[in-house]
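As written, the chains take the letters A, B, C, D and E, and residue 1 is the first residue of each chain.
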Amino acid sequence: MVRIPQISTPTTDKDKRRLRDRPGLEYLSLPLLLLVWQVLAMAFTNRLFPSPVAVSKEMWFLATEGRLLLDLGKTLLRASAAFVISMVLGTVLGILLGRQHWVDRLFSTWLLVGLNLPAIVVAILLYIWMGLTEGALILAVIINKVPLVITNIREGVRSFSPDYDELARALRMPMGRRLRLIFVPQLLPFVLASARTGLSLIWKIVLVFEVLGSDGGVGFRVSLFFQLFDITGILAYTTAFILVVMAFEYGVNRPIEGKVVRWRMDPA
Amino acid sequence: MVRIPQISTPTTDKDKRRLRDRPGLEYLSLPLLLLVWQVLAMAFTNRLFPSPVAVSKEMWFLATEGRLLLDLGKTLLRASAAFVISMVLGTVLGILLGRQHWVDRLFSTWLLVGLNLPAIVVAILLYIWMGLTEGALILAVIINKVPLVITNIREGVRSFSPDYDELARALRMPMGRRLRLIFVPQLLPFVLASARTGLSLIWKIVLVFEVLGSDGGVGFRVSLFFQLFDITGILAYTTAFILVVMAFEYGVNRPIEGKVVRWRMDPA
Amino acid sequence: MAHGPGLTLNIVEKRFDPLATPVLDQFTLNIAPGSVVALVGPSGVGKSTILRLVAGIDRLFSGRITVDGIDADKAHPPGFVFQDPRLLPWLTAIDNIRAADGKMPQATALQALAQVGLNGYGDAYPHQLSGGMQRRLALARALAINAEVLLLDEPFVSLDRALVNEIHGLLAELVGAKRPTVLFISHLAEDAARLADRVVVLAGRPARIVDDIELPTSRQQRDGNIINGYIRRIESAASTKTGTKL
Amino acid sequence: MAHGPGLTLNIVEKRFDPLATPVLDQFTLNIAPGSVVALVGPSGVGKSTILRLVAGIDRLFSGRITVDGIDADKAHPPGFVFQDPRLLPWLTAIDNIRAADGKMPQATALQALAQVGLNGYGDAYPHQLSGGMQRRLALARALAINAEVLLLDEPFVSLDRALVNEIHGLLAELVGAKRPTVLFISHLAEDAARLADRVVVLAGRPARIVDDIELPTSRQQRDGNIINGYIRRIESAASTKTGTKL
Amino acid sequence: AQDAPENATLVLGAQESGTVQWEIQTIKDLGLDQKHHLTLEVRPLADSRAGQVALLTGTVDVILSDFIWVSIQRSEGNMVTAVPHSLAVGGLMVSPDSAIATVTDLNELTIGVAGGPVDKSWVVLQAYYNSITGEKLADHVNAKYGAPPLINELLRSGKIDAGLNFWQWNARSKAVGMREVISVAQMLSELGVDEQPPLLGWTFTDQVANDKNDAIVRFLEASFEAKEILGHDDAIWERLKGVMGASDDPALFIQLRDDYRRGIVPRYDESTVQAAEQTFGLMARFGGSDLVGSSDRLAAGTFWSGFRK
């Protein structure tokens, strides 16, 4: 009679599993941020440090009366095209460099140069060759981003366990299956890290390039706001973009991640 | 009598170990790049696409007659200060977020915001609060970079094997030893990736901020060159910086890496 | 003479899957201070689970496990051998041993290495060792800290007979000299017959103690005949009482 | 009747450390088509190394190893059991089996799982299985592809006696029906005495074949007495000829 | 060209937030483009660098640029040419209660410079200081360089003692009470440049000047007509409040309007070019190659000879 409650009440469960698994903590995250921001904005009253309320009002205004949605659309299109291409290209090249020592050794310097080439140089050269086109912009972003992806993925590939390679060899796995079953799962943490930071980096690069050569988009508008020192406007645009990123994170990234890393044992 | 040569000549060594271990392939890398560049520059003769010869002449000129060394010194100082602080801070916070689910869930949104906040916003606010000081510049760079490091490291921590945690628990390892023996070795590929891309990202951010407000440095000078559309000058400065990065890579990074990852089995 | 602590296991429930039958349910076991207990039973019954609970590695269960009255996960670290070698691949053999205790002198680690027949391999990384050598290294790590409790999950597997005999001797000597409390798992009746004071036979899900055999003759006095008798007793207990296929 | 291929090993040299004594030096071994050979010898002698060379996993050696005349690494994939389970942690049990062959039907994998007593565990991830269950899964993976060559590195370790007996039966049946060429490693003379046609005893560094024992009685006709006789023969060969401590 | 019946098309790259928009809107509002048989396409640009990129890539036909840049490009072989657009220049600003009355009072103080160390105003200020004291200004003040709005902001919050900024930014400062110590125009004239040089010009490539000669000339006609109107017609300004960003700030509106009028180019002839040459010489002397590139003389053809006013 006493047995059942005893079973269902762990007495030495020290791992706060309940706290950890309680839903809702992430729903507190954003409100908390806004609260801190609001308090700070009220503490340091300054035209250049607008409160979240002011920013959301501005955002609403720009969305309904201004060109926010149009600009956001343009930028998103550019960023996502560049993102997808960079991730694919960077991952493939990263695997190549990670696996083939001689390729790595031959091109490691190129990678270093690619990593450290200022965006502006790439942009100017491409714009001059290709004109101020969407293609030039996206290509410039890709050229800027790919070395980063390669570096991350290469490091991931280098950390692969030779145990699984041996298994693949014993099973005579063809390359396709080997990629899918052996490489990708080990690479995933690196790809995830790369994707998380990648979108944000790409958006920042797009901003820079939109300033240099485009007739719209968030970067273009932000640089105008900057010339007017309209921080509220800048933050309104930024917030709009961050909302999109969050929607992506919670709508796409997390669910995929949850599925893909289901096998990972919960560290107790 | 025949035996000795037989032994020393592997007959089924298919792994091109000899090619892989032959030194010198990395010494070919840079000349090859320069060659390709020179050929391209000769093919597309254009004022805005200078040859490596022109760039190195300019670099020599700027180093001896101009302020290249001074500017480079300034930028390096800023970049390395920001780099060290960001790496340490980002690694610590990344471990925290990777291990403590509730912290991660509470601050994941903050991280997203941090990742996507345009450099310009941070720079403006800090310059206004702190004036056009070195401190403001370095702090702005750190604020920009830390979320990237955190994201990378967090992903690394998440990929930790629970096997080793169990071992640590069985041995009742105190936190310090646990960090040193269990965490750091597993984290190393991620830290290496972060460090490799980190220096280049920081240098790019420093460039942006030096343009916005400072009294010298590579970014500052590059923006001047840009106003004159002097691509040769920009590339001269860039090359100088890349040379420093290479010296760092081959003088510091590689040797350390070689020591630290000695245990990794060579994938045959 | 000093001897290791007593272990008491009062496990109300241990389950991995909230829906499936628990692995352990109302499981009680007391182990006398300084005794050597072998845990036998079919694959997947829950032997390793018990060992991990006693070691304080797994803390997700209801009930209480104590080591001389102290909660298992707060007690002194046991000498623990995992079912797999569980070595740190980035540390050399000697450093793997020293990882067990920050203050262990080099000499102690070298001695532990020698005890399991690995002299000369101190600077080798785990992947440079054969399977059996890795297991021996794991055993050396467990023995090197001189713990009062030894928890060994199939410590004699993957080793040739000569080596097993030697390690049996080593353990018997250690037990004779320091009288630690030992709980070990083995699928070979011979291991239990040579080393154990008591054999606990598990079966079923949730796991139950289906037999609990005392082996009264002291280790030093067990000759071939006695051991063969013990082996037969253990094997028959194991085969008749655990007939259930998993 | 069809049977597995013959294996020829002509290893000029296999060494890991360019400075140390090689593990194998002028090592020759021929294995008849469809025979079952047990490889025994002290821990660290080079048994696993040989198995990996035959499987074409390790290609860094001088010499030649062929499977019916074809270079080992080009031959059909063998059914291979590593000394550790070597499962892919991100795949479920069933997917781990199917990883061995892209075109394997679900049913085949499920059957292989059932053969080793793991029915119902198809959707479990490796970390949710006990040590012995993981090893059984690894064995199931090796058997599921129906290979003509089976290379098994200590396949019976970490399993209780009842299970070992069953798997012995399973293998004997398989060998009787399909006559694959089998090379397996075990430290237990009993495994060899029950299953093998021939026992190769290794010792020393570089490893030498110190004894090569034919077990003439066919598997079906081996009764307790014959098996015990074989066990004694193998054990005495192993203990007298490999006296060298590693 | 006057009798051409069909409209000629010209693509103008204009900074979205720049003062150039005022003139463009006036042209559109008054239909000056139609009047001169011109189809004016305006491509918005984010900033001046974007303009230079757009011009070089041929995306636009005309941008606004300073004549120094034009001269440098010409010396480098990039054949662009300019027609004066504006004389407006910046000045040295301080807070109303500041003790700074002349440039010599700057000693030991912090001055914020918009643009950078080779900003034209900064070079002029240095030249001016040198002409008075015979010493280098940079040795005596702590100069900080920053983006124009940042300089304004820092000046307002007292983090810098004086600010050297562009005229439209100074207008904003003036509107909130800041005081101009001396304008660049004054400094230039005291340095012996009698006529105000046209710092900004409509800039286009020689090729466009040839290929689209009609369109360019018609555009310049329209431009000068608009300037003329902006120079005296107050009513036309009312419509510009929006683009000026001064809809609800009358003081700023007046300040911007008046300062703009002071910078309107009255005419374009040889004397204009001479003033520019003089100024270029000054820039070369005090700004060095960082500012003017390798050539220390105004490149021939910097100002387009195909049009005079």
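Note that in this section a residue touches a chain if its C-beta (ideal position, glycine included) is under 8 Å from a C-beta of that chain, and two chains touch if they have at least 3 such contacts.
Just so it is clear, the model here is predicted, and its values are computed rather than measured.
Asker: Hop distance check: chain C to chain D, minimum number of steps through touching chains?
Answerer: 1
Asker: Treat touching chains as neighbours: how many steps, at the fewest, connect chain A to chain D?
Answerer: 1
Asker: Quick one: which pair of chains has the most contacts?
Answerer: Top-ranked chain pair by contacting C-beta pairs: A-B.
Asker: Farthest chain from chain D, comparing Cα centres?
Answerer: Using the mean of the C-alpha atoms as each chain's centre, the farthest one from chain D is E.
Asker: So the centre of each chain is just the mean of its C-alpha atoms; given that, what is the distance between chain C and chain E in Å?
Answerer: 85
Asker: Mind checking the centre-to-centre distance between chain A and chain B? Centres are C-alpha means, answer in whole Å.
Answerer: 18
Asker: Roughly how many whole angstrom separate the Cα centroids of chain A and chain E?
Answerer: 41
Asker: Among the residues of chain C, pick out those that touch two or more other chains and give their numbers.
Answerer: Only 73, 84, 127 qualify.
Asker: So which bits of chain E are touching at least two other chains?
Answerer: Only 49, 56, 147, 150, 153 qualify.
Asker: Please set out, as single numbers or ranges, the residues of chain A touching at least two other chains.
Answerer: Where chain A meets two or more other chains at a single residue, that happens at 48, 124, 128, 162, 226, 229, 265, 268.
Asker: Give every residue of chain A touching chain D within the complex, in rising order.
Answerer: Listed in rising order, the residues of chain A that touch chain D are 163-164, 166-167, 169-174, 177, 181-182, 185, 263, 265.
Asker: Which bits of chain B are touching chain E when the two form their complex?
Answerer: Going through chain B, the ones touching chain E are 47-48, 124, 127-128, 131-132, 212-215, 220, 223-224, 226-230.
Asker: In the complex of these two chains, what residues of chain C are touching chain D?
Answerer: Within the complex, chain C contacts chain D at residues 16, 40-44, 46-49, 83-84, 117, 128-133, 136, 153-154, 157-164, 187, 189, 235, 238-239, 242, 245-246.
Asker: In their complex, what parts of chain E are in touch with chain B?
Answerer: Against chain B, the touching part of chain E is residues 49, 52, 56, 69, 72-73, 76-78, 112, 116-118, 143-147, 150, 153-154, 157, 159-160, 290, 293.
Asker: Quick one: which bits of chain D touch chain A in the complex? Just the residue numbers, please.
Answerer: By the definition above, chain D touches chain A via 52, 55-58, 73, 76-78, 80, 82, 84, 86, 88-91, 99-102, 125, 127.
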